[in-house]
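What follows is a set of structures for review.
Note that subunit A is present in both complexes that follow, paired respectively with subunit B and with subunit C.
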Partner chain A sequence: MGVYWAIAVRSFRRFSTYRIATASGAFTNTVFGFILCGIYLTLWHERPGLGGYDASDALTFVWLQQGLLMPVGIWGATTTGELGERVRSGEIAVDLYRPTHLLLWWLSVDLGRAMFQLVVRGGAPLLVGAFVFDLKFPSSPLTWLAVAAGVFLAILVSFGIRYLVALSGFWITDTRGMEQLALVLSTFFSGMILPLVVFPGAIGDIARATPWAATMQVPIDIWLGRNPGGTGSALLFQLGWIVVLLLGAQLVTSVATRKVVIQGG
Partner chain B sequence: MVERVLRAPSQYWMLIMMWIRSSMAYPASFVLMLFSSMVLTVMDFVAIVLMFSHISSFGGFSLAEMALLYATASMTLGIADLLTGSIERVGERIRTGTFDVYLIRPVPAFLQTTADGFALRRLGRPLQALVVMVFAFSRLDVDWTVARGIVLVVSMIAGSVIFGAIFVLGAAFQFLAVDSAELANSFTYGGQTMTQYPLTVFGKEIVRAVTFVVPLAFVNYYPVLYLLDKPAPLGLPSWIGLLSPLVAVVMVALASLAWRGGLRRYRSTGS
Partner chain C sequence: MAVIELTDVARAFTVTSRTGLRRTRREVRAVDGLSFSVEPGEVMGYIGPNGAGKSTTIKMLTGILVPSSGTIRVAGVDPSRHRLKLAKRIGVVFGQRTTLWWDLPLKDSFAVLQKMYDVPPARHRENLATFVELLDLGDLLDVPVRQLSLGQRMRGDIAAALLHDPEIVYLDEPTIGLDVISKARLREFLAQINADRRTTIILTTHDLDDIEALCTRVMVIDHGHQIFDGTLDGLKSSQSAPRTLVVDLATSLPPIEVVGATVTKVDGPRQHLTFPPTTSAAPLLAQIAANYPLVDLSVAEPTIESVITQLYAPRPSA
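Let's turn to the complex of A and B:
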């Protein structure tokens, strides 16, 4: 257990060294936050109460979305990107020599990254947003606890998906198609292009059942207290997808390490 | 100087042809990548369509009018991204020291940086924008004259040039701050997101800012207002949409100064 903690801490430190990159990223998230606020204010002005959100919910959604984008890794993350690259190049062989579990090793690396980005790239835009707009914040310690759990589970769900995509390189040599597909699905179903509550009819129902909903829409709804079935069922929904994805990831890991010949012979 | 400028197009063409040939080595893969690029970049329009399942007008714009705003924003950014987008990787090259290679080859460093890793699949963005534009014009009742046609084409070129200049300005800033590649995204991709919507919804201050400070409003908003016979905000004259080419020239001058300044103060990484 200690070794995985050590990996996570070092990953956290590694990401904290890219200072200017982090600052310019947080700046970009903030600019997008303001742009989206302008759009959503107009939308909720035309249709007050759209999707069960009031205008303040919608604005809070914007800043949480911008804050979660990088930590959760909606568009992929450096860590799992590197994992995919190592599978492609064959360097993964080095990882397999290590007396650690491949899945847990990369999960620790990813969690270290996510925690750093959560603090800086999540915190900075939210702070600016809260300064300018009247945003909603959880009122009770219990809600804060649920939010923390929801965000953590969201990162796990996202990691599960990204890990599977990265490991697909064991079987298909050109994983770019797979990565693009993952990107499209994640952008559409996570609530990145529009809150899922605005999706009409059946598209909305389908979107809310996908694992991508668990990476962004669900944790934000926990924050807002707007989950249709309550916070408890939201957390269970995330847990369900984590079980499925991590079991799948574990299965893929064991099949890959047993059968596949590493590229390069 | 004049000779260098005259030579530039053929040099740029040679560089990008090299990359196009390499991407065409796997045609099936290329077609798939082009298609997925179209699907990924059309998402913003899908969001607008989903919004219009609940509303009938956004900031005084109908769905067809929104489609035209979206298409022109996406097309201009798409063309700029295709032709100059690679320049945002200059910081990476400076950090790793590979930028030096560009300085000793007999082609301007600017051309090499913009052509670096030229990805023809980025044609996906302007292509889907073209489809949306056809949809928009089929639903809009535009009183077409030769003058309007020229305004549309010229402003699309000018808009692409403005976005291209912003890409170059962002890259020039990376000579000062090597890891700041993402900063330019605020103005390029952020600018695209913003100009997909009627700018007045962002408030008067923002309209002023994107008219007089970062002239994003000239990329598509003012030309589209002119095409649709809509009044310009802030009491500006309706012919302001015709000024896009002028704004593009100013932006190119600024970008060129910034790039030269950056290049002049460039010190290679040393150990």
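Let's turn to the complex of A and C:
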């Protein structure tokens, strides 16, 4: 196991070398945070209590969303992007020469990245937002713990989806269409456009059951204490998707490896 | 006992080509009927033109490709069945790709490798110290890999492939793009590692100086078939590559006429003649000295390039 920890640590360090990109990214998140706050304030002024959120919930949602965007990798992440590139170029063969498991290797790389971005890019927008607006914060240590677990699980769910998209390159020559589709689905169903709680009826139910909901809507609701079925069931919902996605990822990895080894790529 | 053993190995690929709506499937045999064995400590040059089947062979030897037929044993195991296990006992270097962490200092990559291959810390320190000295890596350890020159990066990659004391190392074009000094230094290092540790080295290259400097054995492959296996000298004498005679005359003349040789190039007063390796140079010289104002001369033996070129040349099919 030591090797995967070593990989995660190196990945964390690697992302810490991109100082300007990190600073400008956090700045962009903050600007977008203000823009969205303007929109949400208008919306919740017109429809108070929309989706069970009050105005303070909605504003907190905005800043958490801006903070989680990069760590969770809602719009993809450098790491899984590179994996897709390696699959396309055939350089993935180099990874197979190593005495490590492909899935665990890339999971470690991604967790190192996510942890760095969580620490640096997750906190900054939230701090600015809390300075300007009256935001909600968890009150009990138990909630903080649940939030930490929820964010960690959200990263795993997102990794599972991104990994599967990257590995689709073993079967599809041009994965750009796949990546576009993943981007659109992720943007909508994670709650990036609007919190999923505002969608009524069947559309809302379906949206809240997708794996993308587990990447952003669910951990934010844990923070706000607004999960319809309580925090426990929210964490279980995330865990369920992780099991499905990572089992799928492992299956696809072994099929892809066999394809390379037997058919020659 | 042989460390690498191939018995009648073949590898076919299915190539689908599409013309309009029709798809045609065609089988291409990248490697066919390959049998050879390599003893521990051998340094074998594995050469052939592009598309000859070199990479396919290396992929099968490392276990990331299964042969269509035949058997392969590397370090006593079937590579494709024990890929992860075998990975700990071999080292692989691709001249055109790196396994190092691009944005981190070189030493970080080495630290990950120590964990990846479970190298005992004391052994890791010892190896690292040796390689740092032999490859002159001391000043580079703290430099991010992306800032290294190609030659420096290559040295880092070679060290990375050897840190876990592999029994076998596959080097794919390790000197590609390097300057003369970097090439010489790498070759010297590889020769020393081979001498000190009896590491088996399989080297694929287009740079025949690599072969000349390092390899005790050369294997030539073309169109998936082995066409030569032996020593470098054996390779040279196996082919009847023509020898070259360069003569400097007192004045510029039209191509001179010599029985048993032909002028291939006239360069002012200098003329180049080729003659078959079976002919002795002495009577040719006598002829030229008798008939032309000869000032100076030299005889060039066939270069390994010309030998190989002749080997690759399409032969009349049987």
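Quick note on the criterion: the second predicted complex is superposed on the first by the 260 of 265 C-alpha atoms of A that agree within 3 Å, B and C clash if a C-alpha of one lies under 4 Å from a C-alpha of the other, contacts with A are read in each partner's own complex, and residues count from 1 in each chain.
Note that in this section a residue touches a chain if its C-beta (ideal position, glycine included) is under 8 Å from a C-beta of that chain, and two chains touch if they have at least 3 such contacts.
Just so it is clear, the model here is predicted, and its values are computed rather than measured.
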Touching partner for A:T17 - first (subunit B), second (subunit C), both, neither: second
Which superposed partner A:I193 touches (first subunit B, second subunit C, both, neither): first
Subunit B versus subunit C as contact partner of A:I7, first or second or both or neither: second
When both partners are placed on the shared chain, which of subunit B and subunit C touches more of subunit A: B
Partner chain(s) touched by A:V184 [first = subunit B, second = subunit C, both, neither]: first
Touching partner for A:V94 - first (subunit B), second (subunit C), both, neither: second
Which of subunit B and subunit C A:F131 touches, first, second, both or neither: neither
Residues of subunit A that lie at the interface with subunit B and also at the interface with subunit C: 18
Of subunit C, residues touching subunit A in the complex: 11, 13-14, 56, 59, 62-66, 80, 83-85, 87-88, 90, 92, 94, 97, 99, 101, 103-104, 108, 111-112, 115-117, 144
Contact set on subunit B toward subunit A in their complex: 26, 29, 32-33, 36-37, 39-40, 43-44, 46-47, 50-51, 53-55, 57-59, 177-183, 185-186, 190, 193-194, 197, 201-203, 206
Touch list for subunit A against partner subunit C, complex: 2-3, 5-7, 10, 13-14, 17-18, 91, 93-94, 96-101, 260-264
Of subunit A, residues touching subunit B in the complex: 18-21, 24-25, 27-28, 31-32, 35-36, 38-39, 41-43, 46-47, 50, 174, 176-177, 180-181, 183-184, 187-188, 193-194, 198-200, 203
